[in-house]
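Quick one: structure below, then a few questions.
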Amino acid sequence: MNGTLDIEKFKFYIMQDALYLVDFGRALSILAGRCSEPKLVRLLLSFATGIESVEELLHEKYFKLFDIQQRTMEQSPSCLAYTQFLLAKVSLGSIEEAWAALLPTNPFKEWIDTYAGEEYSDVAQQAIDTTELLAQQLSETSFEKMKEAFIYSSRFEYMFWDSAYKQQWWVI
Amino acid sequence: MNGTLDIEKFKFYIMQDALYLVDFGRALSILAGRCSEPKLVRLLLSFATGIESVEELLHEKYFKLFDIQQRTMEQSPSCLAYTQFLLAKVSLGSIEEAWAALLPTNPFKEWIDTYAGEEYSDVAQQAIDTTELLAQQLSETSFEKMKEAFIYSSRFEYMFWDSAYKQQWWVI
Amino acid sequence: MNGTLDIEKFKFYIMQDALYLVDFGRALSILAGRCSEPKLVRLLLSFATGIESVEELLHEKYFKLFDIQQRTMEQSPSCLAYTQFLLAKVSLGSIEEAWAALLPTNPFKEWIDTYAGEEYSDVAQQAIDTTELLAQQLSETSFEKMKEAFIYSSRFEYMFWDSAYKQQWWVI
Amino acid sequence: MNGTLDIEKFKFYIMQDALYLVDFGRALSILAGRCSEPKLVRLLLSFATGIESVEELLHEKYFKLFDIQQRTMEQSPSCLAYTQFLLAKVSLGSIEEAWAALLPTNPFKEWIDTYAGEEYSDVAQQAIDTTELLAQQLSETSFEKMKEAFIYSSRFEYMFWDSAYKQQWWVI
C-alpha cells in the first residue's frame, strides 16, 4: 500500500456516493414523517436538508472536476442493494430498526464534513444520544431487531466501499 | 324504541359497510406484509381473503335486494375518516398499534357471521390471543400507544354506526 | 354577523391547527421521501421545515397568550379525520394524488404568512406550477384520482374549520 | 456441463429460496393493500396465500430431506438485496412499477408448479394480462419507470440464482 488512490476508483466512488445520498436523503425524510418525537423529527429533517447541500457540493466541485455527466449515472449493484435496504427499513420496519439502519452511513462520511462546514459538526454526538434514547425503551426482542438492522446496514456500507474500490458493475 | 329499523337507514349502512370492508381488507393486507411473525401473517391474510367473501355476499344478497348500484357509491364522511385512520395506522404505526386499530371492527360484525358461515367463527378468540401476545412484548410507552390506537378506532367505529343511523352525508 | 370571533372558538382553532400542522409536516416529509424529482423534493422539504417555524410561532405567541397546556391537547374528530386522510394518501396513493391532497391546506393559511414572514411568500405560485407539471404527465384515470384527492381534501379542510367554529368534540 | 448439480448448491438455493419467498409473499400482500382494482387485489392475495403453501411444501419436503434447521437460516447478500428491492418498490413506487418488479420471480419458479399443483397453473397468463392492462394506462415517463423496475428486478433475479450457484456469503 503506497497511499495513492486510482483516480478512476475515486471517480466511481464519488458518482455512486452522489446517487446513494439522494436515496439516503429520502430515507431520512420518510423516517422523519413516521416519528412522533419532535426532537427526532427536527434532527432527521435537518439531516435531510443537509444532504442536499452535500449533493450540491459534490456536483459543483467533483462532478465538474471529473467531468461527470449526471445523465449517464446509474446505481451500482452494491449501491442499489444498500439504498433499497434503507428504504425498505424506513418504510416497513419499526422506528428503532429504521434509525439503526441509517447509522452506519455517518462515521464514514467524515471527509465530507471538511467541505460541508458546520452542518454535520455534532452529528455524531446527536446520533449517539438518539440511539441510546431509542434503545432504552425497547423490549429485548425489539432491541435484537434494532441491532440486526445496524449489522446488516454496516455490511452493506462495507460492500458499498469495497465495490467502489473494485468498480463492480452489473453483469447483465 | 319499537325494535324496527328504517329500511333506508339499513340500506345506507349496508352500502357504507361494503365500502368500509374494501379498505379494511386493504389494511389487513398491508399489515400482513409488515409482520414478521408467520402465524400473524397467516391470520391476517386469511381475514383479508375472508373479507372478500363477505363483500361478495353483501353484493349478491343485499345489493340485489335493495337494488343498489355500485357506481353511485361513495364513502360517507365518517366512513372515510375511519378507513383513512386504519390505512394510516397500518402504513405508519407500529405493528402493535396497527393491530389494535383493527380490533374494534370485529365484534360488531357478528351479524355477518350468520351468513359468512364458519369463516369468522373463532376469529374472536384468535384476535384476543394475538392481542395478548403482542401486548406482552411492549414497553409501557408502546403499550400506551397501542391502547390509544384501540380507543380512537373504537370511537370511529361508534361514529360509523351513529352516522349510518343518522344517514350523515357530505355538506359540501 | 358583526365581525367578532368568540375567543374560545379561536383558541379551539389554534390548538387544533397546531396539532394539524404536526401531521401536515409529517405528510410533507413522507411525500418528499417518495418523490424522485429533485425540485419537488426540495420544495416539500422546505415546506416541512417551514411548518416547524410556524409551529414554534404558534406555541410562543398564541399558546402563551391563551395559556394553552400542550399536554391536554388532543386532535378533534374532524382534525384527526383530515390528518389521517393526508397520511394515508401520502403513504399509499400516487405522488400526484398525494400532492393534490396536500394542496387545500395552503390558501387558508394566509393569516399565518403575516407572522411567518417570507417563508411562505411564493408558496402559492410554486404550488400551482408543481400541480400543472404533475397533472400534465397523467393518463385520464390518474388525473381523475388526482382531482378526487383534491376534492376530498377540500371537504376535510372545510369540515376542519367548521368543526373548530362549532367546537365539535368526541361524543364517546 | 454434465447435467448434474452439486447437492450443496441445491441445498443453498432451497434455503435462500424459502427465505426469499417469505419476503416475496410480504411484497404481494403490501401491493394488494395498495391496489384499488378488485381483480388485481384478488390475484395478489391469492398469490400471497399460494406462497404459503409453497413454503410449507419446501419445509416439509426439502428441509426434512436435507435436514435444514430453520433457526440457522439467514438471507445471503444477493437474496437480501433482491427482497429489499421488492419491498422498497411495493412500499414507495407506483402500483405499476411495483407490479413490474414482482414479475421476474414467476417464470423461474416453474419447478415448484410440479409440486404445488394447480395453484400456479395459469399464473403466467394472468400475469401477462395484468401487465398489459397496467401498461396501457401509463404516460411515457411512467412506462419507462415500469420497464426500469422490471429490468432491475430481472438483474436481481439473475444474481440470486448466480449467487446460489456460487454459494456467495457475507464477507463481514
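A, B, C and D label the chains in the order they appear, each numbered from 1.
Criterion: contacts are C-beta pairs under 8 Å (C-beta built on N, C-alpha and C of every residue); 3 or more make two chains touch, one makes a residue touch a chain.
What you are looking at is a predicted structure, and each value in this text was computed from that prediction instead of being measured.
Name whichever of C-D and B-D has more C-beta pairs touching across its two chains.
Of the two interfaces, B-D and C-D, more C-beta pairs touch across B-D.
If you average the Cα atoms per chain, which one ends up farthest from subunit A?
Taking each chain's C-alpha mean as its centre, the farthest from subunit A is B.
Could you work out how far the Cα centre of subunit C sits from that of subunit D, in whole Å?
39
Averaged over CA atoms, how far is the centre of subunit B from the centre of subunit D? Could you give it in whole Å?
The separation of the two C-alpha centroids amounts to 30 Å.
Using the touch rule from the top of the page, what residues of subunit D touch 2 or more other chains?
Each of 30, 33-34, 92 in subunit D touches at least two other chains.
Hey, how would you classify the chain contact layout here, line, ring, star, complete or other?
complete
Taking the touch rule as given, give the residues of subunit D at its contact with subunit B in the complex, in rising order.
Subunit D residues touching subunit B: 22, 25-30, 32-34, 38, 41-42, 44-46, 48-49, 52, 90.
In the complex of these two chains, what residues of subunit B are touching subunit C?
For subunit B paired with subunit C, touching residues are 30, 77, 80-81, 83-85, 87-89, 91-92, 152, 154-155, 158-159, 162, 170-172.
Mind listing the subunit B positions that touch subunit A in their complex?
33-34, 92, 94-95, 137-139, 141-142
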